[in-house]
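Quick heads-up: structures coming right below.
Next come two complexes built around chain A: one with chain B, the other with chain C.
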Partner chain A sequence: MNWKNYTSLPKIFQNQRIFDGCGISGYLNIDGKRESGTKVKDMLCILHDRENGLGAGYAGYGIYPDYKDYYALHILFDDEKSKEKVISYLESMGYIILSEPIPTKTPSNVDNPPIIWRIFYEPKKMKSISDDEQMIELVMQINANFDGAFVMSSGKNMGVFKGNGWSYEIADFYKIEDYKAYMWLAHSRFPTNTPGWWGGAHPFNLLGTSVVHNGEITSYGTNKRYLESFGYKCTLFTDTEVIAYLFDLLVRKHKLPILIASLALAPPLFNEIERMDKEFQIALKNIRATYRSAMLNGPFSIIVGHNDPIPTMIGLSDRKKLRPLVAAISNDDNTVYISSEEASFKRLKLNAEFCDEFKEIWHPKSGTAIIARVGQGLLRNGLEKPLEKIKLSVMGG
Partner chain B sequence: MTENTLKEKINMNGNNSIEIDCAPNGKPLNYKILNEEIHQVINSGYKKIILNKVCGQRFIGASLQGDLEFVINGVPGNDLGIFMDGPKIIVNDNCEDQAGNTMNNGTIIIHGDGGDVIGLSARGGKIYVKKDVGYRVGIHIKEYERKHPVIIIGGTARDFLGEYMAGGLVIILGLKILPDGKITENDYPICGNELGTGIHRGKIILRTNEDLQSKLGVGAKLFKPDEDDLKHIEPYLKEFCEIFSIPYKIITQKPFKVVKPISKRPFGGSYCGQIV
Partner chain C sequence: MSIEHNIPNYFRVKIESDHCKKCKRCVSHCSYGALSFNNEKIISDDSKCVACNRCASMCPGKAIKIVKDESCLPPHGNYSRRIRNIIWAQSGTGGVLLSATGNDRPIRNIFDDLLLDACQVTNPSIDPLRETIETKVFFGRKPQKLDFTTDPIDPNKISLKTEFLPHFEIDMPLMVGHMSLGSISYNACMAIYQAVNELNILAGSGEGGLHPDFYEYGKNIITEVASGRFGVDIKYLQNTVGLEIKIGQGAKPGHGGHLPGEKVNSMISQTRMIPKGSDALSPYPHHDIYSIEDLAQLISALKEATRYKVPIGVKIAAVHNSAPIAVGIVRGGADFISIDGFRGGTGAAPRIIRDHAGIPIELAIASVDQRLRQEGLRDQVTLVAGGSIRYSADLIKAIALGADVGMVGMPVLIALGCRVCQQCFRGLCSWGIATQKPYLVKRLDIDVARNRIINLFHAWNEELKEILGAMGIDSIESLRSNRDRLRYIGPNPRIADILNVKHAGE
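Let's turn to the complex of A and B:
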């Protein structure tokens, strides 16, 4: 964890350079069986060479079944004063069901650790604005206008645990083995364009959507301006933030099917579209025209978790495949895994605790989404053509 | 690592061959420690090194020279055989990205899938992959006099095959070799888009009936193979078939298509064209 080395590089990085990128991992149990975080920790920590100890995080879906109807706010505070301010603000806007510290294992030699707090929350019912919209406004308000406070996650029955440190340190710090989830996402960071800090660690979350990301979004400026026109505020100085908000906008607000949303973020090139069937051409050109500013440019591979209303895991890489993404399915067809490297799967195989066996390991196509959903299975394996297996009827033409 | 702890991990098999457990007690070694161990056993005079339970360790075989043989049981990490000059590496599983990065000489044989960016800037040697490979295979491989890299893929490839190729040979066979040894034609397209984009020397040979015209990248042109081409590839294909037990007659059941640069110097005008 980063309690030290404020002004100089850690010793092991002195006199050498390591070229690498972030590591991402995640899995989803189709039958909804909840498992502790040790497995995803193992999947992520084997990608040790992809991180440099400047950020890691985990997102678990299904960890709060007793409070599943309330928004679970995970908040980071610098001090008691900022905590009191935020809590009194929240009290004025709705009902706090439960307010407690998140159990952590802070080393005894740390003088000033952050206050890590969770609040189960219900906003006041209003006719003019939905609960979700109210929550988004609250989160944006706290992140933008309250000094010394930052909302890590705000979804129902899920939570994000993140910070500035190595992946195994963050896992131990938050004791993620104590949480049970049917979907886990994990990320270890190698910050390139922005500084490593607690808020900049992944996963990025807004309501039920969490994103872990490896790469750079070079279209950040365009995406940011587009999102700002819908009232989102990008406050975290990191490109990944826009992916979380774009997913929220496309899937929750505009109610696009996840496949269409993924095609809006990583659409096929126009010369590929020209070679497709007529109705596919019309559909894809319309998607590209409508969501021109939502398109993500630059190298990326992402895993997105979404739980509104059905928990879904989505894996997607950029159209030119500049970042790695590997997928696997277990022998009993129940667990879908996505990771940066195949080593994650091999690690689970080698670990006597899990001994996972895989039916198939495959490399999804670039710009093609893998979609797995609780109760419905692996809906798309990322090897299809865009819009393949979809019933399409084009109106007007 | 001390001499004693090293001996505990290593099984001696006769004089020349040695086994290393890369995940003692189920915990994979860090790549630096593993590569250090490999250097130590090579210094002790071993020629054949069997690596068991490999799990994503990078840079295996990096910069090694001479008459060495590695057998890798497990999934080796990125940059397998980087800068390698001579040894032979056999992988009995899938392989992660960038195998044979800037390889100078030697052989890499992969009995599984190959990942992305295979043979990045390779200057010589052979890379044979039994199953499918990912994006940018054979990017910027080059040749000079007797240095002539060869990449043969049993399955299919994806986009940007042979990107910026500056020499050497890439062959894609489009077969599907099942675990029981049966061989069928692969259902997936033989390659992705932007085939041979920026190619300025060397050739890509694809065994397919597909129409590749729309997939060609900038500076690439489709040809029918002439007799020289067929003569050129035959010894490599025969070696490939022998390694993976494929009957050679299957290879000849489909026609070959050749992708070569559009001219001798396709991008001459892009650089200092006005000055020269």
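Let's turn to the complex of A and C:
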């Protein structure tokens, strides 16, 4: 069945939440070396049983060094008319530096692709709100109120390429081998109750944060209502959208260190907390009390890409590890890999093009974040106790 | 001839003479004077029977059965027996009719029209017998955000700047609603406080002060400051875990507390600081609170008095405007809000207001939670909701609609033996619960009563975990306000709209 609706769910499916099972993969080069998308495509496509051809996507960080100071908008349009409308709206709100189609395979290898466009953009400077806030407003405005338009990504020096099809089809369609990035995230879908649609594929992105997600958040309603009280609009009816916004709220707005944010999303159990040092107890109980509505429940594994200010890759699973997540590091300690399955790493080892050798492959603990950062290395391997290695001081009365 | 009309009886005491041992135990146990012995057999005055069933359960020969009186009135679809009885009683006494417990009208219960979700295939359910499911709740004020800073040189050096906000932990999302010493007996209070202490949950003191014996359980008691200020002194304010300003009560919105003088013996008079035998009628409004800014002043005065160490909350009855009122209360500085629905219980209330004022708690939770979210205030405060949370299913639904903690009264009393005869205001409770008469109070064994409450709530908590597990949720905070996991099955889709819950099948 071909859904010709790219930018929103077909009417009959609107108001329904999307459940899916998925494959996720990603890697980050600590020295910042940029590599083409073929490697991440290889990692993902081998997880064939995790998808059913109804959606896949890729996110590359570092792909637009020449335009790194501008917001790169990747937008899907149903037709020329909606494109014109959005472009004139963007012109009224700021400056379009470059506006061009995203190159895709011709003839197309997927059915009925939408118009796929990218715009490098700078919002008008405003005293009252930051550029980032303005961009979020803008993106939410377009996605909620412009029929036939959907912003896939809006970060700087990064972009999301996603659509309806098998993982290899989408990779070929967008020619991701032509982009070079120091961090790649990838996702393939197995949606169960709605058709695949272009906008609904992963990664989900908001500014510099992209999320690929395998799982189903049972706390969706709680998280959604929490986010709404901070002005986020959850319009896409997927749990992944909620995770992306939670990261944005905790890391960008509340400025929590990434480790602390991961502990808010998947906090340790109370009986574990109660066995810790007093300072840790205070911190973790405060996190649980304050961010109780941000806690993610239900099975999930996610990889999050974040580039504000330093490019970082985060892997996290739920507190019971009901979805798989496995990590690896290359022999030269320079590349950190995360994937749903070990097959991704074995594939890279066997592929004559890469012949990647792994120093170690390990299974991160449930609810424990892996954090790798450009220039700083593998900060957490996901095997630590919560707050292990952290020198924590608590101030205040 | 008396002006009192002979009202047809509701109940009949049936005594099987074959089984009656004539031990007269029933006569001594009937506190309402319905039974007597005429030297030959036990005879009953059915007009006095309230169907409390004390005689039946105490009869060693199981000879007594309370049945519905069979005599019938001419049928009428509009003037029900209930309405006719009200008119007869009122025209006999010329007064406002008193009543007790909660609204007894058969109004459709919205909790019963809600169904819960469970996991199938796409996400696994969690087995509470093998996995941890958490039910701990932080009660009181929370910050909107935390201030963590990372050392610019060493990323492993993190500091947390936090100011003291008054909150504490309880182990289950449960609070025994405010029932004062006076409305219920010393033994009932003691059993409740010991039980909540053991379970590490909460109980309300009610507005009747705190007996010296109860202070040792202060870390699980929230004391109440009501319009009558009964029993309020500095010790009362400073020795409990939280303070609540009582504005209203679900059973009687717009009214203050009523404690009939019959129940004010010397112990009650000392605890409440009022003369023996006098009616303790709280003023309807607080006479120092005629508007929201006055309430804010009282909140800050109480915060001063308690040195900002404990959460200060406000209890209101669920009424049409609960949502904006709740917002005002939070903006006025309250750390928690309690809302009591129109089915909430009482020891004594005018029947007319018990039966006709207020709104269902389900709707109030939904609208208050929603409004607080719109104002960005919801997650900073604790929302306590009560007013007919009858069993664990109601508690779960209340939390899924948006409450943090469920407030429970009647189920506790029923656990202690209450048969819901609705005579609490008369102070004659034959089960020793809602009475102050020493010979009746001692019928309630504190240890047994305490253990029955512990059992009840332990069972609720286990059921809560069972349901959470089936929903694939391993911690109670992920159920709160998770209306996505509820569906409506009742006849009125408008209710589903207000609750922001989809219809079953959607």
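Basically, the second predicted complex is superposed on the first by the 365 of 397 C-alpha atoms of A that agree within 3 Å, B and C clash if a C-alpha of one lies under 4 Å from a C-alpha of the other, contacts with A are read in each partner's own complex, and residues count from 1 in each chain.
Following the convention adopted for this analysis, a contact is a pair of C-beta atoms (placed from the backbone, for glycine too) under 8 Å apart; a residue touches a chain by one contact, two chains touch by 3 or more.
None of these values were measured; they are calculated from a predicted model.
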Contacts for A:Asp42 in the overlay, against chain B (first) and chain C (second): which applies, first, second, both or neither?
neither
Based on the superposed arrangement, let me know which partner A:Ala343 touches: chain B (first), chain C (second), both, or neither?
first
Tell me which partner A:His254 touches in the superposition: chain B (first), chain C (second), both or neither.
second
In the superposed arrangement, which partner chain does A:Phe230 touch: chain B (first), chain C (second), both, or neither?
second
Quick check on the superposed pair: does A:Ser366 touch chain B, chain C, both, or neither? Answer first, second, both or neither.
first
May I ask you to decide whether A:Arg288 touches chain B, chain C, both, or neither, giving the answer as first, second, both or neither?
second
Tell me which partner A:Ile390 touches in the superposition: chain B (first), chain C (second), both or neither.
second
Touching A:Asp356, do we find chain B (first), chain C (second), both, or neither?
neither
Report for A:Lys320: first if it touches chain B alone, second if chain C alone, otherwise both or neither.
both
Winner by number of chain A residues touched, once chain B and chain C are compared:
C
Overlapping contact positions on chain A, where the chain C interface meets the chain B interface
269, 320
If we count contacts the way the header does, which residues on chain B are in touch with chain A in the complex?
23, 26, 28, 30-31, 53, 55-56, 58, 74-75, 77-78, 94, 96-97, 113, 115-116, 132, 134-136, 158-160, 188, 193, 214
Which positions of chain C touch chain A when the two form their complex?
119, 122-124, 126, 131-132, 134, 136, 138, 142-148, 150, 154-164, 167, 169, 369, 372-374, 376, 378-379, 471-475, 477-485, 506
Complex interface listing, chain A residues touching chain B
46-49, 269, 272, 275, 320-321, 324, 341-344, 346-347, 350-352, 361, 363, 365-366, 383
In the complex of these two chains, what residues of chain A are touching chain C?
15, 17, 19-21, 192, 215-216, 218-222, 224-226, 228-230, 253-257, 259-260, 269-271, 282-283, 285-293, 295-299, 319-320, 322, 376, 379, 389-397
